[in-house]
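Two complexes, one shared chain (subunit A), two partners (subunit B, subunit C).
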Partner chain A sequence: MTDVSPTLFTPGETEADLPPPASVLARFLRRFRQQPAAMIAFFFLVAMVLVALGAPLLAPKDPTAQNLRAVLQPVSGAHLLGTDELGRDIFSRLIFATRISMLAAAQAVIISVGIGVLPGAIAGYFGGIIDTVIMRITDAIMSYPPLILAVAIVGLLGPNLRNAMIAIGILYAPRFLRLMRSTVMSVREETFIEACRSVGCSTPRIIGRHVLPNVMSPLLVQVSLVAGFAMLAEASLSFLGLGVQPPQASWGSMLGRSVRFLDRAPLMVIVPGLMIALTVLAFNIFGDGLRDSLGRETRRVR
Partner chain B sequence: MTEHKTEDLASQNSPRPLVDVRDLKVEFTLRKGLLSRVPLRAVDGISFQIGDGETVGLVGESGSGKSTTGRAILRLIEPTSGSVSLDGHSVTDMSRSELRKARRQMQMVFQDPYSSLDPSMTVGDTLAEPLKIHDGISRRAAQGRVIELLEQVGLARHHVDRYPYEFSGGQRQRIAIARAIAVNPKLIICDEAVSALDVSTQNQVITLLERLREEYKLSYLFISHDLGVVRHISHRVVVLYLGRIVEEGPVERVYSQAAHPYTEALLSAVPIPDPELQRSRSRILLHGDMPDPSSPPPGCVFHTRCPYAMEICRQVVPESTPVDGGGSVACHLQSSGTQPLQGASLAHLTATL
Partner chain C sequence: MINLVIRRLLAVIPLLFLVTFLAYGMILLIPGDPAIAIAGENATAEIVEETRQRLGLNDPFLVQYGRWVTGAIQGDLGTSLFVNRSVGGAIVERLPVTLALTFAALFLATLIAIPAGILAALKKGTWIDRLTTVTATMGIAMPNFWLGLLLVLGFAIAIPWFPAIGYVSFTENPFEWARHIFLPAIALGAAACAEITRQLRSAVIDVVQQDFIRTARAKGLRGPSIVIKHTLKNAAVPVVTVLGLQVTRLLGGAVIIEQVFALPGIGGLAVKAVFDRDVPMILGVIFAASLIAVLVNLLVDLSYGWFNPKVRPK
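After this line comes the complex of A and B, so read on.
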């Protein structure tokens, strides 16, 4: 790095005089800040993560403490959002549920990205027999009805939240695989990939430096979508008793259990539902913001 | 025998050619129907040389194998057979890692400036990449050379952190050229490098290519269907038809005295910027399309469209014959007949028919 021959510079110029190349992070931040909706979504998600981390400090009551003499209470000073059918403080349960819902979504996304992205990129880049084998396995997974497969996996591994999320991660992996395959396939046909080869790039460098950055935007959008779906799938599995086990609660299980009391305590349904909806929305808007701030820059019509 | 002669001729032009292409063949496999596969010979045994500092134009209509030839020389497409050597080293025998190292000697500028630059990289990063690969220079340390390159192709230093979408087609092609010259190559293959640009931008880019040719002592293989542009920039020209060389020679000779009917037809299609001349001259219209390259016609590949086709053209493949004024041609009009007609002009030849 230091032994660059002096001929590389025009006379009278030293390296210090030259503007340094703009860093990737600086460029990303500049572009991300220009998007108010994405910024709001980002801060909302940060707030959710903080709530999840700080749940024991933030919750005013013990989320599992029952009080059968004060069930289905309306909003009051003692219970900000009332109580549920066992007399537990809904607000406190909601705060602790944030932790479980966020964790569940994160687990599922990490698992499906981990399983799907690399094989998909390989299938798309190399094609041929590798592609055929990988895609046939994917087709086999996708040919099962999703919920049945999840139930089967949870049945095999035992009913708890972690296993439910493994099941959901496996279920959503083909989405990433197919997405990566098709986007990598189209990027690989572009002239600039051939140009990279003619410059002398090795195959790993082409995949890492040129193909992946150019497929980041659809991938990030898919991550935010799957995070939302995972949250909903977790709710379904928890509703069936295959996910989070009582007395713990997630937003989904709170929603599932409270449907029966919709007429007497509507807040019990509305609040967790609202949290799911807002969080999924925030994931999507944040994903769009990421897509527009990373990788491929295009002319934008304002 | 005749082949021997052309080799001698080529070696006279330049004692040791920088690029020596010999009997290059490229075959693709074409799927026809469910199971049958048909070989398609895109490039069918072509040989030519490029000297140090020389620019060779490669012309022909679409589908004649021009781009395939360029890519096969760089081994962006693997040639089926034949050999390519660069500066005495056989490109076709190199291992993958040797080839990667050798790529600093031979670069390419592509047709479409809109897709040949990575849209998610800044111009600076794109230009620094070859320096990093071949010289191991870090991005930061390469900044000086990157700015120098930008200025050499007529862009400004503040363009370094911009993305390709912020530039016009001509500017992008300048960036692509800067990337190609970054590691001081000996050969640059320009594959329709100016075809996608409008005429005034074409001129600027060609002027730039000519200037860089002097500064960097470059050789070009200039692939184009635009004969006017080729005439302007090239020293020699090679005419391809259906993957074969039908004629080659110095630009002045080929453009003033085409020895092959196909070259003659191509040249008659070049517009003359003088309405009187343009109206008065006779154009040779070729009928039909180029034959299907997966089943080329026997004999001379051009006989299906040749206005002078004779019986022998349908049966015997014409051999390469030297032409007066330099170069060679593969045409029975020139190489057979009752008397030796070698190198006579076509007008003269056809008058005697």
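After this line comes the complex of A and C, so read on.
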């Protein structure tokens, strides 16, 4: 990052006492390490990614192997979290569902970024009529009740995980669009951009070398937050049966199936929901931690 | 103020146009030939052709949209492809349940969020504040349908205080209505409550730090009087913004909470329509839901003028 962000002084400290100007990464790590909650969230997310990657190694049983003579079993040594209505090992299914849920969130974020970033940057950089048109469409998309919009899109495209991710991607694209627009808009008014233009930089060079590095930090923060929301949305759609289709399972679809056995096998409801809640919480806290550690983002008053 | 009302009303018209246009435009998302999708995969060529004629799918897109939106304005959203009845009729029949749930959730959320947010802000940095903030953060991360299931597990199965599923209309029996809507409203409203609490907390913290509050205190006004007369009206502006956003989100969330508690609202209608690929019904539901969302947000916009005279046009 080329900007000089305001250095924070603590009382009794002079500039000489501050650590020497470190690289952007080092400064980020130093700030990030001071936030225990964000660190825990980070390690939790890393653990979830590892579980997702290593699912076949970690799962004690085949997640799709049915055993109709051992349905809705309670917790035991053979089945750490018991079995579901088809006699499948819930613990193994949970591990494999981690894969689907994490992958789904990642896909939705990629789609959102893909749809939102470029129009947002264009609207912010050029302004005028282009900006007006893009923002009106964004306003319209944001005035639909989100889950109903997702249900409608999935309904028209056909219910499966890929379409659910497209729907969720569309749902959250306005967040990236608005963020890019406002950041680009404020960056382009900076003196260093004017200076650059006055020495004859081309527009692509200005955008690539000077505007983009400045929008990266808020973008990263938003990616983490949207990953959490996307995971919630995927869980909702899969719960309704509009997302992931059997025999695959995500945490949301496991919850959807377990509803009928709520009174007989409460663990089937509690555990997948807890996984969703913890992971979304981790994404939110990690995002907040990023915001507080990255570059020129204003610090939140606590 | 009247000036503001007129101006906002005029601004809503193009938005409504765009919202309905995009909603109808989603018909273009249907992969392949919409006529085949609507008539069913096993339909004969004649039936597909007949469907195409009946729905006017051969006309240019703008003509189709014009016809649909003219009908919609007159309350005619077409006929369901599966149950032989009008889409508008089905929605009107089920909408009261969804609206009751949405506003009950909003009511409970605000009822809890206002004292919680103010208290957390005034006791900033204490354990009360920290507890509120942590609870609110968890409330946002929790899937609302999961919370609903936990509530059923706790307060309908383990301690049978409330019914697990079903609905009784308010006109039939107000007491039973409240008993049936309470758990769903809590489940739906929790995230909104968390969001409003956080917003109110930071708004109050912002206002309390301003000079006019110090002046009021210096003049010798008492704590409660400062909070009620000076702080809250100023802190209300950002909170009302969040409230408007929350109504939109709650209407969406109602779809899934209705499924958990088997409430006969438009959520069930939408989900069934998706499995049936009942296109007019899907379009009708999204039209009705977005219309309500836009109108509620219009009201929110207008309330700004009341809370904050600065936004009133001169």
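In this section, the second predicted complex is superposed on the first by the 215 of 302 C-alpha atoms of A that agree within 3 Å, B and C clash if a C-alpha of one lies under 4 Å from a C-alpha of the other, contacts with A are read in each partner's own complex, and residues count from 1 in each chain.
Operating definition for what follows: a residue touches a chain if its C-beta (ideal position, glycine included) is under 8 Å from a C-beta of that chain, and two chains touch if they have at least 3 such contacts.
These numbers come from a predicted model, not from an experiment.
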{"item": "Touched partner set for A:232, first subunit B, second subunit C, both or neither", "value": "second"}
{"item": "Comparison of subunit B and subunit C by subunit A residues contacted", "value": "C"}
{"item": "First, second, both or neither for A:194, with subunit B first and subunit C second", "value": "first"}
{"item": "Touched partner set for A:151, first subunit B, second subunit C, both or neither", "value": "second"}
{"item": "Which superposed partner A:140 touches (first subunit B, second subunit C, both, neither)", "value": "second"}
{"item": "Complex interface listing, subunit C residues touching subunit A", "value": "14-15, 18-19, 22-23, 26-27, 29-31, 125, 137-138, 140-143, 145-146, 149-150, 152-153, 157, 202, 205-206, 248-253, 255-256, 259-260, 270-271, 273-275, 277, 279, 282-283, 285-286, 289-290, 293-294, 297"}
{"item": "Subunit B - residues contacting subunit A, complex", "value": "74, 76, 100-101, 103-104, 107-108, 110-112, 115-122, 124-125, 128-130, 133-134, 137-145, 147-148, 157, 160-161, 163, 165, 176, 179"}
{"item": "Residues of subunit A that touch subunit C when the two form their complex", "value": "136-137, 139-159, 228, 232, 235-236, 239-242, 252, 255, 259, 262-263, 266, 269-270, 273, 276-278, 280-281, 284-285, 301-302"}
{"item": "Contact footprint of subunit B on subunit A as seen in their complex", "value": "1-2, 4, 8-10, 13, 15, 18-22, 27, 190-192, 194-202, 205, 209-210, 213-214, 216, 294-299"}
